[in-house]
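First the structure, which I've put down as C-alpha cells, then a few questions once you've had a look.
Just so it is clear, A, B and C label the chains in written order, and each chain counts residues from 1 on its own.
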Amino acid sequence: MSDTVLSVNNLSVDYRTERGAVQALRDVSLAVPRGGIVGIVGESGCGKSTLINAIIRLLAGNAGITGGEMIFEGRDLLGLSPDAMRRLRGDRLSMVFQDPMTSLNPVLSIGAQMRDLQYRNRVSRREKNRRAVAMLEKVGIPDAPSRLTQYPHEFSGGMRQRIGIAMALLAEPALLIADEPTTALDATLEVQIIHLLQALQRDTGCAILFISHHLGVIAELCEQVVVMYAGRVVESGAVRDIFHRPAHPYTARLLECDPARIQKATRELPTIPGDIPDLIHPPTGCIFRERCPHAFDACVTPPPWRDWSDGQRALCHLEARP
Amino acid sequence: MRVLGLFWRNLRRVLREPLGLVGFTLALLLVLSALFADVMATHDPIGLSVMDRLQDPSAEHWLGTDQLGRDLYSRVLYGGQVALQVALIAVGAALAIGLVLGMLAGFGPPWLDNALMLLFDTLRSFPTVMFALAVVTLIGPSMGTVILVVVLTSIPTYGRLARTQTQSLKHAEFILAERAMGAGMGRILTVHILPNVVGPLLILASMDIPVVITIEAGLSFLGLGVRPPTPSWGSILNDGYSFVRNSPWPLIAGGLPLILTTIAFTFLGETLRDVFDPRIARER
Amino acid sequence: MSALLMVEDLRVRFPVRGSLPGQTRHIEAVAGVSLALAPGETLGIVGESGSGKTTLARAITGLTPVAAGSVRFRDRELVGLESRAWKGIRREVAMMFQDPVGSLSPRLTVRSLITEPFRIHGLKDRALDQEAKRLLGMVGLSTDFAGRFPFQLSGGQARRVGVARALALDPALIIADEPTAGLDVSVQGEILNLLARLQEELGLAILIITHNLNVVRHITDRMAIMYLGRVVESGPTEALFAAPRHPYTLALLSANPEPNPDAVMNRLEIPGEVPSLLNRPSGCEFHTRCPFRGAGCDREFPPASPEGVRRFHCYYPR
C-alpha cells in the first residue's frame, strides 16, 4: 500500500549465544504511515535496538531472523541483496543515532562527510557544498558556510546531533529512524531537538520512527506509539489513547512510574518490582505475567490481541482496561 | 586460597581452546623433561667418547652424537634445564620489577613518572648483545650473566605496559570511589590496580619466554653465556653450526627444542590473551 | 541546629592549556557556591552539563582541589585539611558515583566491595561477613548477591551495592551523584524509595546531584539550581516547583513534560547551548539565552534576592 512507508509483520529475531538462543524479538508488528510520526517506547531489554538493526539489516553476526517480513515502500527488505539494501540506506531510509559523540567520523570535516553522503548525485562539488550548507542552516547551525571545514570535535553535543539530523535528511528520505537521539543530551537541548524534528518533518514530509524511553517526549512528538516489553509489542495505537487510557498493564504501570506524571510530591514512588524475564527461557503465556499486578489464571496461555477504540490494541487477556 | 581457585578456573578455560591445549601440553612436556632430565636422559651429557663422534640417530643415541661423541638427546634435556631456569627466573624477575615500577610511574606524582621513564628509556637503549658484552667483561660469562642482562633489558617493556594500564585505570570511577572512601595509594595499587593490570603482563611474559630462551641460546652461541661443557641449546647450535657439513644432527638437536618451545609458549600466550579478554569473562 | 555541612563561596578552577607556551588560563568550574545542609535533611543540586555540580560534589569530599572558599563539616574546615585527617572525615561522608557498575572495582565480589570501608579504616575486628549480610539486607538484596561480581549485576542492583557500601560505616552524610542515571523509569523509584527510607530510619543527610528535576521533587526538602558554576536559585523544593523565580529554573521545569499529549505546551524553549567555560558570559551568565533578558543583565552577576527561605539571582524574576 502506498499509504504505508514501512510495515513490519510478525518479525522474530533470535541471538545465538553459548547459553542458548535469546528470543530478542517475537512477532513484532508495526506500521509507519507515509509522513507519519510513530514512537517506540520501551525500557532496557525490550528489543528496540534489535528491531532497528533488523529494519536496516545491520544485525550482529550471531543474530538470525526467524520469522516475519518487513516491507518498505512496497519492497520486501528481507529479499533485497546487500547491494540493494545499501542503496536504500542513506537515501530512502536514514538514521540518527543516540550518541552524537561517536556517530560522526572524527577525522573527516563536516563538509567532507556531507559531500560523501551525496555520492549518488552526479553534481559538482560546489553544488554538494551548497546543499550541505542549506541543510545545516535548516537545522539551525549558525554561520554554516564556514562550518563545513570544521571537524566534529569542534562542535558541542547539541550541535553534533543537529549535524547528524542534517546528514540524515540530506537525501530526503522517505523514513527517518531516530534511535534515542536526545537521550545523551540535556533536557533543555532535548526540547530544541524535538521542535527541530517537528519543523523538519512538516517541511520535508518524511515519516519518522522515533525510539525513546522518555515518555514525555513521545507524548509531545508522536502521533502513534508502540509499546514494547521483553521483545514483544504489548500495546500500540494513537498517542492520545495510549497515554490517557492505556489498555495494557505494563503501559499503565510505566505511566504511573514516570516521576513527571506524579503531581504531588511523594516519598514512595511507584515502581514495577522484578526484572525482565530470561529471554532464553521465557515464561509460558504472557511475557509480562510474572510482574503484572493483574495476572490471573488465563495468563499462562498466550494472550490474544484485543482491539480497543480507534486502532488501539493490546496483547492481554484482560477484558477491561487496567 | 582464592588465588588457587582463580588459577584453576583460568587454566580450565585455557585448556578448552585447541591452541591452548596444544600449547599447554607442549609447555608442560618441556618443563617436565627439564625437571626430570636425570631420569629421562640416556647418557651423561658431558661424557666424552670421541670415537663415537657425529653419529646419526640410533637405538643407542636417539638424536645422534656431537663432535665430542656426547649424546645429543641427553644434552638437549639438560640444556632444557638451563633454558627454563634462565627463562623463568629472568622473565619472572622482569615482570615483578617492571610491574611495580610501572604502577608507581603510572599512579604516582609526575616527577616519579619522569624519573622512571628516563630509567626505562636508558635501559632500552642498550642493544642486548652489547650490553651482554659489557656485563661479561665485568663478571664473566655464566647463567647469572644471561639472567642479569635479560632482566635489565626487559624491565622497560613490562614497566611501560604496566604504566599505560595503570594510567588508563587511574581515572576510572571505581578508583575515585576508593579514594572517596579514604583508601591510600598503597591499597589502591595492590588491591585495585594490580589485579586489573597483571593480565596483559602475564600474556607478554608467556610470549617472552621463548624469546628469552632464544636470547640465552644466542648469547651462549656467542660464548657469552653458559660455559662449556654445560649443555645449553645455544651451545649445541653453535657446535652444530661448525660441523654442519659432517652431520646435520647437532644443528637439528639444538634448533628443534627452540622451535617447540616457541610454539608452545606462543600458543599459550595467544590463548591467555583470549582468556583475559573481559568480554569472554562474562560467561563465568 | 547548626548546619552539618556549610559551604561558603566555594571556587574550583582547572588549568587549560593556553595557545602560547607558558600561558595557562583557568576555567572556573565552580564560581562561588554557598549552601548549607542540616542533619537529616535532603538537598538537591540540579543542573545540566557544564553546571559544575559534579565538580562541586568532588570538591566537598576533597577529591578535587579547592581554589578558594570554605567547606565546613560539623564546624570543621575541610579546605586545606591534611590527608590523615581526611581519612576520619571520610568515615562520616560517603559518596555514591554516577556509573553504577563502573564505580565498583571489577574484580572484587559484592561482599568484598561492601566491606571495603571496614578494611580501609583498619576495622578488622568486626565480623565482616555479618556486616556484609546486614548491609545487603538494608538495601534489599538477598545474600545470594554476596558472591557476585560487578559485571553480573544489573544497573539497579549495582546501585544498591553502591548504597550498601556508602552505609557501611554509618555516615552522617551521603552524597549521591546522579543516583538514577542509566536506570529505567520503572526502576528509578526503587532507589529513590530506598534512599528516602534509609534517611528516615537512620537520620541521614543526603546531597543529591542530578539533572533530573523530577527525581529531585520527590525526595528533597530543598534544592539549588546551578548554571555554569553558580547557584542561580535555591529554596524549598515544593516552592520552587510551584513558582520558580529564575528563568533558568522555569526553563528546566518546562523541559521535562509530563507524558500527557493534551497538556498545554507551555514549553519554554531556550535557544543555544550552555556556553563554554572558556568564554564565560559577563554579568548573569544566562543572559545569552534568557528570553526575559533586560538591561543590565550582561553587566554584573545579580546579587541574591532573598525571599523568606528562598534565594535567587535575577534582575527580572518571574
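Here is the rule we use: a residue touches a chain if its C-beta (ideal position, glycine included) is under 8 Å from a C-beta of that chain, and two chains touch if they have at least 3 such contacts.
Fair warning: this is a prediction, and the values are worked out from it, not measured in the lab.
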For the protein chains shown, what form does their contact graph take: line, ring, star, complete or other?
line
Going by average Cα coordinates, which chain is farthest removed from chain A?
B
Report the inter-centroid distance (CA atoms only) between chain A and chain C in whole Å.
32
What whole-Å value do you get for the distance between chain A and chain B if each is reduced to the mean of its CA atoms?
54
Please name which positions on chain C make contact with chain B in the complex.
58, 61, 63, 86-87, 90-91, 94-95, 97-99, 102-108, 116-117, 120-121, 149, 151-152, 165
Considering only the defined contacts, which chain C positions touch chain A in the complex?
48-49, 154-155, 184-190, 192-193, 196, 211-215, 217-219, 237-238, 241, 251-252, 254-263, 265, 267, 269-271, 273-274, 276
Could you pull out which chain A residues touch chain C in their complex?
43-44, 156-159, 186-192, 195, 213, 215-220, 239-240, 243-244, 253-255, 257-263, 265-273, 275
Contacting residues of chain B [partner chain C, same complex]:
172-174, 176-183, 187, 191-192, 195-196, 278, 281-282, 284
